[in-house]
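Sharing a structure with you now.
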């Protein structure tokens, strides 16, 4: 971290220099032609902020709540798999960095640090556990019990990944988890071993295809709710139809996501799906969003469109790669400073001030 | 095929290295400024897929029917002329590759393998025969009789080519069919010889101008229907008006195509014409589409917009050039895998699940 | 003309190699930032052609009429000044080339060949004379009398040039007419001499500012109509308001033009202004258009939008520079061949078949 | 100023060569990703000028009034801080250049020439004083008294800068005012000294954060009006809501500005905010605009959209850097010549002729 890193792009550029090709590609790739990957970013610019002035912004706070828990900032860390490829401290470092910012942290099922390891290392971080559902339901049930026992605050069920999307670089690289790392939430070699080998294309995709349950339906959501007291967040929703079904199924939050554009190339960027979901949910539960966020103004726009919380995926990986916990903290701090600036300069002293009237869609101006 | 080819673009890039300039140019060119050629691809991105989740996608099938025939996939091979310039096995290889995928194959009138040769080599492939109508109607009638006799399942009348479009590279190259190849459906030198010479610009264009019938009208469609029992597909329709006329003329299918942007530069990309044609046809016959498809998500979008079948032209030429039948099979397999992925990750276990609600036009979001 | 030139772009590229910097810059420049210059071309792509098939296109004609005169093609030569900078034969060569195509030719007031010289050299060419009005009305009256006497068929009053626009390259180059050339329509040194010197910036702009009448109003149009029997064309109209005033003032044709984007940077490309003018004129007189046309499909689109005739400016200069009369002929022939191809492949055997229904605006598809 | 500079871009390019990195970066930067910086320019092209012809434009004037004062041109100089980094004569040179053009000049609070210095050096220039409000209200009150005493004609309260925006280059450069310069409106080292040092990131941002009052509200506007007879202009308004509040608070003018895209990245370009503000103000006070203007046609468009005056920021800095007063004069002269040309060639002999009907939004043409 010798260089001065100003803005998430600086971290990304530096991470590109530091990471081995295979890990870098795994982290950065999107599905197929990566059209959605590009659009996730571009769509940020389809909204204009409408700043208001001559409001007292000398005392500001970004504090808000997530599922009843107080958080210091309206953004947090999305679950990304296998963070130890970026830095030896992996998920532990990210979780600790999030905690220092009062930001929520989401641990992936297929993390390289275990549920318990992260809980012990980051006891004061608001922790969510992201769940993939294995064909063997007992594997899932056991993960749920461990997350509860380790003091996680919510379960995040990722609904958009019955399989993993086609990421061409991973196929070219025959991507596998490096041999010295393992999926830390799993003891047995059956469960975690296969991800270290790649008979054909991408090792991780083969792992997922062999173990995840592609037959998942809304009934499994009911089952899951039945085995836990933790609030359930549904991650990966992109339509009003699924958002409504999610609310009816008892979701505590709908997390608008296209999995960082890694699943279906050609879906809407999340900023385009967000308004439709917000309208469908209609305040019945919380709404989160992720995908392409790398700057304070992006977060501001999503909050204005009705998101309760914005999550960041890759930016934390770049931070991690640049300097472990300090790097991850630096990324969060950059975004923090930027959002604070945008709020102050738009007349918003609190998150509640960031109302729908604070943004206007660019294209609609054409019709005035 | 030593290199790992992931995605149709890889095949295209590799084919560019392998093909002689003149053949490459003939294959890749579009008419005039190639605006439509570029738009055929760009228009794919004007629609967003709306994926649905928590549906059981563990058992999937792409099986569908084409004119009552069962096919394993909702995509097939469009007719492209003179495939032996790409590989010695030419149309035979492509037809066999299609058959191995359960995909329909369309043989061009001006192929370098004959109707009978292809039928013998690919007996289990669902074969369509594409028809150009010669001024000498007996030439056409004879082609029809031979297609019937050889077990082809439909006639595809290409309506957009009374002449061939202006493709500047072919004029520069004074493109002709290489001397060792011939238009295999024709015995006599009169019929096929001229395509091997080029007194002025493009030899193929001069061939077409001298032999094809530019005076073709809807009455000739009636004549054609009168001389065959085979169902008739009209290929090259781009407007609702012609689509309606086609249905009224008894077409079994309307094939939306701009001939790979090789005829009129400035027509709509086929993805823009498709909805208008689907609406006009209104279920009265099948609708197919081609033009710029190179990826699973593209096919998914066309199916959602109401196409019964998507055809691919150039991608098969790139596959052929990279490795004959194996290359062509590889291209189809790539697209197959991609479409399967997109279906699974969008909640569609069958082709019937890909309804109109699965896509939304990008620009309309501006007005929400 | 050794190289094979296919398409107007080839001529343009070749002309760039042949012309001296100062002449090239004068020919190619647009006003200020050249935004409209770029848009003139881009706007061509905002319309899609809607081709119709199975119509007899074996016998085609592009013949049409211009102000009652029969012309072989629906396109002609726009007036461009000082063509002898491009080739020693200048306007004479262009006029002859036009005649060989049955295309109308427009001679500029500030040409380097005189009214009479062109008439003598191109007696069978349909000739229009473009008029700039000088403060000294006798200068204008004399030009009118000479055009009448020399058998020109119409007067084209250019209304968009009370001054010349700011073309930065001309200022940098201190552009002047080379000393061996002169404005051939003028005898005296006062009238034509000043264009060969440049005290400050662009010599031609200073010439125009000192001699043209910037106080011109609709009353001068009435005066002009009073002194001639020739039909009057108003060139440079861009709004429905001026189009209506023009019709009421007795114009025989409204010529939609932004002077090749050389006057006001930021006006609409002519393809955007055309529909508004066509609607305002409502068939009360003819409508012409120029600006950015370099291809058959462009011309087709303008005809479909209601233009009676399309004019080309710079393309002829490129042709001239490449090979005098042969070059100019070559450019017209290229465009001719292209338009013929587009007509044939869109189902239009005559210019009358190119109706408004043959095109659709790209953006409107978004709302279907 | 040896080179011939034609157009503001030439001055900009030349200034880039002459200025030290740190000053150049300070001048040119926008906030964060500089999306709005780019859009400020791009938005100029979203409107087409609709030129009218055959109007007498031989006698033209750009004269207009600003707050009752006669000015020769409808554009003026926006306040930009610390101009002595560009040239030793700094604000004095710019003010004198403006005066020679009959253009208004706005002096920044944080200028490197004092209120009195500028007044003495440019007595005949219409001078406005731009005000930042310090936590210590007496600092502000004293500035107001001095501006009144020195004959400034209006106070321009900048409302968009309770803090300074994040400009990444300034952080990288640890930007500070060079040691030989000082904020000339302040005597004491406390007030002006800190801007010459930078403990952390940008020195100017730290200065602002420590001294400006981020608690400013509409009540402070009332207070300010209470302590001065000068008309009050509110600079930095971007919404109809704030425009209305401003009118109600007694503003003599609303100045639409996004501070040269230096505060919040992601706000609308000013050309997009202008129509909304003009509509809200509804003639109740004057409306000004700045942001991205570098050409005559841009100014014309803003006037047509209802602005009474257009201000330029960076272009004057480039002029200054190229040649002090002569350079600044040259920039104004360039813009002057261009606007004059656009007016003459659009049929507008006076500023009053530049009505709303003189422009049309590009996108609306799609719906005709």
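Letters A, B, C and D name the chains as they come in the text, with residue numbers starting at 1 for each one.
Throughout what follows, contacts are C-beta pairs under 8 Å (C-beta built on N, C-alpha and C of every residue); 3 or more make two chains touch, one makes a residue touch a chain.
Worth saying up front: this structure is predicted, and the values here are computed from it rather than measured.
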(message) Please compute the angle of the rotation superposing chain B on chain C (C-alpha atoms), rounded to a multiple of 5 degrees.
(response) 90
(request) Pick same or different for copies chain A and chain B, depending on whether their interface residues overlap by over half. (result) different
(message) Just the number, please: Cα centre separation of chain C and chain D in whole Å.
(response) 42
(message) Centroid of chain B to centroid of chain D, CA atoms only: how many Å?
(response) 59
(request) Any chance you could list the residues of chain B touching two or more other chains? (result) 363
(request) Flag every residue of chain B that touches chain A in the complex, lowest number first. (result) 4, 6-7, 9, 44-45, 47-59, 295-298, 300-301, 337-338, 341-342, 344-346, 360, 362-363, 365-368
(request) Under the touch definition given earlier, write down the residues of chain D that touch chain A in their complex. (result) 31-33, 35, 46, 159-163, 165-166, 168, 171-172, 213-218, 220-221, 236-239, 241-242, 245, 263-268, 272, 275-276, 361, 363-364
